[in-house]
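Quick heads-up: structures coming right below.
There are two complexes below, and they share subunit A, which is joined by subunit B in the first and by subunit C in the second.
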Partner chain A sequence: MKSQLRQYIQETLLENGAPHAVQDDENLLGSGLVDSVGMMSLVLFIEETFGVAVPPEDVTIEHFLSIDTIATYLEARVAA
Partner chain B sequence: MDFSWSDEQRAFRDRVVAFARESLNDDLRTLDAQGAFPRVLWDRCAAFGLLGLAVPEAYSGTPDVDFLTAMLAMEGLGYGCRENGLAFGINAQLWTVQLPLLRFGTNAQKERWLPRLCRGEWIGAHAITEPEAGSDIFNLQTHARRVEGGYVLHGAKCLVSFAPIADLALIFATLDPALGKWGITAFVVEKGTPGFHAGPVQEKMGLRTVPIGAFTFDDCFVPDENRIGPEGAGVSISTHSLEWERCCILASQLGAMERQLETAIAFARERKQFGQAIGKFQSVAHRITDMKLRLETARLLLYKVAWLKQNNKSAMLEAALLKLYISESFVASGLDAIRVHGGRGYLTENEVERDLRDAIGGLLYAGTSDIQRNIIARLLGL
Partner chain C sequence: MLYLLSQTIDQAATRHPDAEAVCCAGQRMSYGELVMRANQLAHLLREQGVRRGDRVGLLMNKRLEAVVALYGIMKAGAAYVPLDPNAPVARIAFIVQDGGIRHLLTENAKAKAVQEMLNMGVSLHSVVGVDSQVEPRVACFSWDDVVAAPHHEPVVGVIEQDLAYILYTSGSTGVPKGVMHTHRSALSWAEIAAQTYGLHANDRVSNHAPFHFDLSTLDLFSTAVAGATMVIIPEMYTKLPASLSKLIEDEQMTVLYTVPFALIQLLLHGALDKRDLHRVRWVLFGGEPFPPKHLRALMAALPAARFCNVYGPTEVNGCTYYMIPASLPETDEPLPIGGTYGNAEALVVDAHDAPVAPGDVGELLIRSPTMMRGYWQRPDLDAKAFYHRPVFGHHVDVFHRTGDLVRERPEGGFDFLGRKDRQIKTRGYRVELDEVEAALLQHDDVEAAAVYGVPDEHGSQHIEAAVIGRPPALLEETVLVQHAKKLLPSYAVPERIKILDTFPRTSTGKIDRLALRAKALEGKDQHEEANKPPA
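Then we have the complex of A and B:
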C-alpha cells in the first residue's frame, strides 16, 4: 500500500515535478508538497486503487499528513 | 451513458417553466434598477418547492427529487424566469449552503437550519472570500480561536452573495495559520450573534437583485454545535461544495441561453432592413448559429457532469470544464444577442442587455475562468 502511495505521489503529484524521494513520514501538507487539487486527485487514486471510499470530512491533516498516516487511516477503514 | 430524461423529469421541468413564466417575471426592470431583493418572488419559489430541491422531504417538506431532476428544474427556472439574479440566488443557496449542511451537518444541525432555509424563512450565505484571499482562497486569514464550549472568530469576508440580508452564514476560518489550509474549519454563524456584522449592500454591474456585501467577525463566539464537520476539514468541505457549485450553479444559465436564443431568432425573423428579414443576412444568421452551438455544447457538458455526479463518479475535471465553458458561453451569447438586436438590444427597456450584465459575474464567482483553466491544466498533468 505504502509503495503504491509513494509512487503515485512521487510521479503524479509533486508540485514542481523536480526529482524528490518522498519519505513515508514526510509532511505532505504543511510543506505544500501536495496542494488541494493534488489532494483531490490523491483521494480519487486511493478510492480507485484500494476500493475504499474516503468521505471528504476524513480528508484532514490527522489522516493525510504523511504516507504513514494515510496508510494507518486506510488500514482502519478497511478493517471497519 | 444515457442522458435521456424520463417523462416525469420532463413534466417536472415543464411545471417549473410554467410557474417561472407566470409567477417570477413581475416588474423586472424596476427590480434591476433599484437593486432590490425580490422577497415576494423568493417566497413564491419556496412555496413551489424550488428551495427544497435535492433536500430530503424530512427537512424540506417537499417531495424528494433526485439530483438530476433538480438540475433540470434549475435549467427550467433559467428558461422561464427572466430574472437571472433570482435564479443565481436560489442556486447559490441550494448548492453552497444547503448541500454542505445536508452532506456534512449533524442531524441536529440539519433539523435546525434546513427546514427554515427550504421554506424560504431564512436566507443563507456561503462566505469564504476575503480581502486578501480571492483566487488564493485557502490563504484565508479569518481566525477561529478554540475556547471553552466553542470558538471565537475574528476576521472579515467580502464579496459574499446575500451577506447584507442573510439569516445565517456558512463561513470558513482557520484554527491555526501555521497549519496552512489544513487548519481551515467550517462554521455556521447566525444573524444577531454578538460580534457578527453584515456590511451594507454594494452596488454592482449585474445580478443586482442578489445583494452582495461583507461580513466582519469581531470576537464573535460560536458554540461547538455550530461547527460543520471535523476541525481541519474545511478545505475538503469547501472543495467538495465548490465542485458541486461548479456543476450546478450555471444550470439556470443554460436555460437563460435557450431563452436568449429563441428571442434572437424571433427578432431576426421579424426585423427587416434592406427589404428583408435580417436573419437572411448570412452574418446575422451565423451569429445565431454560434449561439445555438454554444447552447448545445454547454448542454452536453452539463448533462455529462450531472450524470457523473448522479452515479457518484468523480467530476473534478468536467466540473471545471463546465464552469469555464457555460460562463464564457453565456457572456459570448449575451454579446451576440445585443449585436443581433442592434441599438434596441442596448436599451435597458428591451431586457436584452441585462442578460449580458448578469452573465459577467459567472466569469468570476466559484473560481474565475483563469482558475478553472489552471485546475484543468493541472489535472491534465501540466
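Then we have the complex of A and C:
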C-alpha cells in the first residue's frame, strides 16, 4: 500500500519536480511540496486503487500529513 | 489620529492590552505582548543600523513571529519586504539584492536558504530569528536575543509618507517589481476596509493569504484598526479544505478573506455540512472572478454570511467593491466589481486617455489615498503606471493606470472585462505571462517560447507553454519544467510545456498565442473524454 502511495506521489504529483525521494514520514503538506489540487487527486487515486470511499470530512491533516498517516487511516478504513 | 501602521497595534494595546491580537496553530499573542515584542525587535534592528527608509526582508513561514517581525521592522522606521518562503532561492536572492536589503528576519527552517543566498553573493549585515551563526561575517540573532531588548517604543521620526512595505509582484520584463506602499496608503486602505465591513473588537478575521500577497494587508491592518483578532491559517490548512473548515469552526472565525479558488475548494471538499460555521458573518473575496454558480452554492452553504467582491490591484489596494445581493440571479454572467469606495475617483479612458462614453469599454484609472508611491527603483515603470490630470494650472491629479478593462453599468459600478496587457490571474496569483516566457528563454536550448493561460475546471486558469528548441538540441518537457522551477514561483511554472517545430502565426507574423491556447483547450477536452469511464 505504501509503495503504491509513494509511487503515485513521486511520479504523478511531484511530476518533473521531486527534488528527492519522498520519505514515508515526510510532511506532504509543508513547504510547497503538494498543493491542494494535488491532494484532491491523491484522494481520487486512493479511492480508485484501494476501493475505499474517503468522505470529504476525513481528508484532514490528521490523516493526510504523510504516507505513514495515510496508510494508518486506510488500514482502519479497510478493516471497518 | 493614527498615521503609522504600527500605531494600529499601539492603540489596540492601550485600549485592551490583554485582547488577543493574533493566533496561529493554537499559539496566541495579546496586543500588549505584540507591541512589546515589536518594540524590542525594533531596538535590536536600530542597534544593527536600521534607519528610516531601509528595507528589511521577511523570509518566514506563517507563524506568530512573522507578525512581530513586520511590526518590529516598521517600528524601527524601515519598510518590510515579505519574501515568498516557497519561491526558488534565486528569486528570493534577486529581490533581496534589488531591494537593497541588508537585514533579514527569518527562522531556523530557512537558515539553509539564507546560506544559499549568501553563497550566491548576496551581502547581508544581520539576520534575526536563527539559533546558530549562519555565517561569521553576518550578525546573527535568535528570538531570545530579541526578548532581551528594551520594551519602550523607539523614536524613529517616521511620518505617514514614508515607506511601510514593498510587495514584489510579477514583472513583464522577466524580473519581479516592487510595489511601494506608504504608511498613509496602507492605513487608508486598512481604515476603509474596517469601516466598510464594520469590523469590531470581537471579530476574528482569517489570514489565508501569505504575507507577500496583497490580500494579507486587510487581514493584518484592518483587523488591528478594529482591535480584533487575526487568525493565521497555517499553510497546511490551505491544502486540505476539510481541515480549513474545521479550523474556521474551532477558531470561531467571523470574517473570511481569500481568493475564489480557495473558497471553491472549501465548498467542494470542505465538508461544510459537517461544520458549524454560523459565526462567519463576512466572506470577502478578490484576486480574480468568482464563477457565480459556485458562489450561489457557497452562499446557500453559509446562509448567515454576507458576501463581497473586493477589487483592486496591489498598486492601489482595494478600490471598488460589490456587495453580493442576498439572492444572486440564476445566471452565469460574471459578477460586477462594483463602484469605488467613497474616498476614490475612477476614470474609464480609451487608448488616448480620453474618457469613453458611458457603457463603452476602457481602462480603469483610479485616484485614491490607498494608491502606491510607485515601483521600487523603476522610473520606467512609474512613467507608464500613472496618469496625470492637470488641475489648478500647474498642478496634477495622479491616477494609477490599473491595466484592467472595464465597462460602467447603467446602474453604476463596473464590470471587469479583462486585461490590456498579458497579465493573468492563476488561482488568485498575479502572473505576467511575459515573465514566464523570459524565464523559458533563459534556457540555452530554447529558441522561442510562447506562454498562455488556459481556463481550468476550478473556475480559474492555469499556465501552459509551447517552445521551439534551438537545433540540434533535443528539448525535454521535464528539463524545462525543472529550469522554470529554479526561476519562478511554483504557481507561475507552466503545467505543460509543448515542444513544437513551429508556432502558429498571425497574419502579421506574430506568435498566435490564442491559437495555441485553443489547441490546449481542445487537447484537454480530448484528454477528459478519453479518461471518462465507459457509459
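Please note the rule applied: the second predicted complex is superposed on the first by the 76 of 80 C-alpha atoms of A that agree within 3 Å, B and C clash if a C-alpha of one lies under 4 Å from a C-alpha of the other, contacts with A are read in each partner's own complex, and residues count from 1 in each chain.
In this section, a residue touches a chain if its C-beta (ideal position, glycine included) is under 8 Å from a C-beta of that chain, and two chains touch if they have at least 3 such contacts.
What you see is a predicted model; the values in this text were computed from it and never measured.
Colleague: Have a look and say if subunit B or subunit C is in touch with more residues of subunit A.
Modeller: C
Colleague: Examine A:Val34 and indicate which partner it touches, taking first as subunit B and second as subunit C; both and neither are also allowed.
Modeller: second
Colleague: When the two structures are overlaid on chain A, which partner does A:Leu44 contact: first (subunit B), second (subunit C), both, or neither?
Modeller: In the superposition, A:Leu44 touches subunit B alone.
Colleague: In the overlay, answer first, second, both or neither for which of subunit B and subunit C A:Ser3 touches.
Modeller: Neither partner.
Colleague: Quick check for you: in the superposed arrangement, does A:Thr12 touch first (subunit B), second (subunit C), both or neither?
Modeller: Only subunit B; A:Thr12 stays clear of subunit C.
Colleague: Output the subunit A positions appearing in both contact lists, the one against subunit B and the one against subunit C.
Modeller: 29-30, 32, 36-37, 39-40, 56-62
Colleague: Please name which positions on subunit A make contact with subunit C in the complex.
Modeller: Those residues of subunit A that touch subunit C are 15-17, 27, 29-32, 34-37, 39-40, 55-62, 64-65.
Colleague: Okay, in this complex, where on subunit B does subunit A touch?
Modeller: It is residues 103-104, 138, 179-183, 229-233, 235-237, 239-240, 314, 316, 375, 378-379, 381 of subunit B that touch subunit A.
Colleague: Under the stated contact criterion, what part of subunit A meets subunit B in this complex?
Modeller: Per the stated touch rule, the residues are 12, 29-30, 32, 36-41, 44, 56-62.
Colleague: Can you check the complex and tell me which residues of subunit C touch subunit A?
Modeller: Result: residues 61, 85-86, 235-243, 246, 262, 265, 269-271, 274, 458, 477-478, 481-482, 485, 490 of subunit C touch subunit A.
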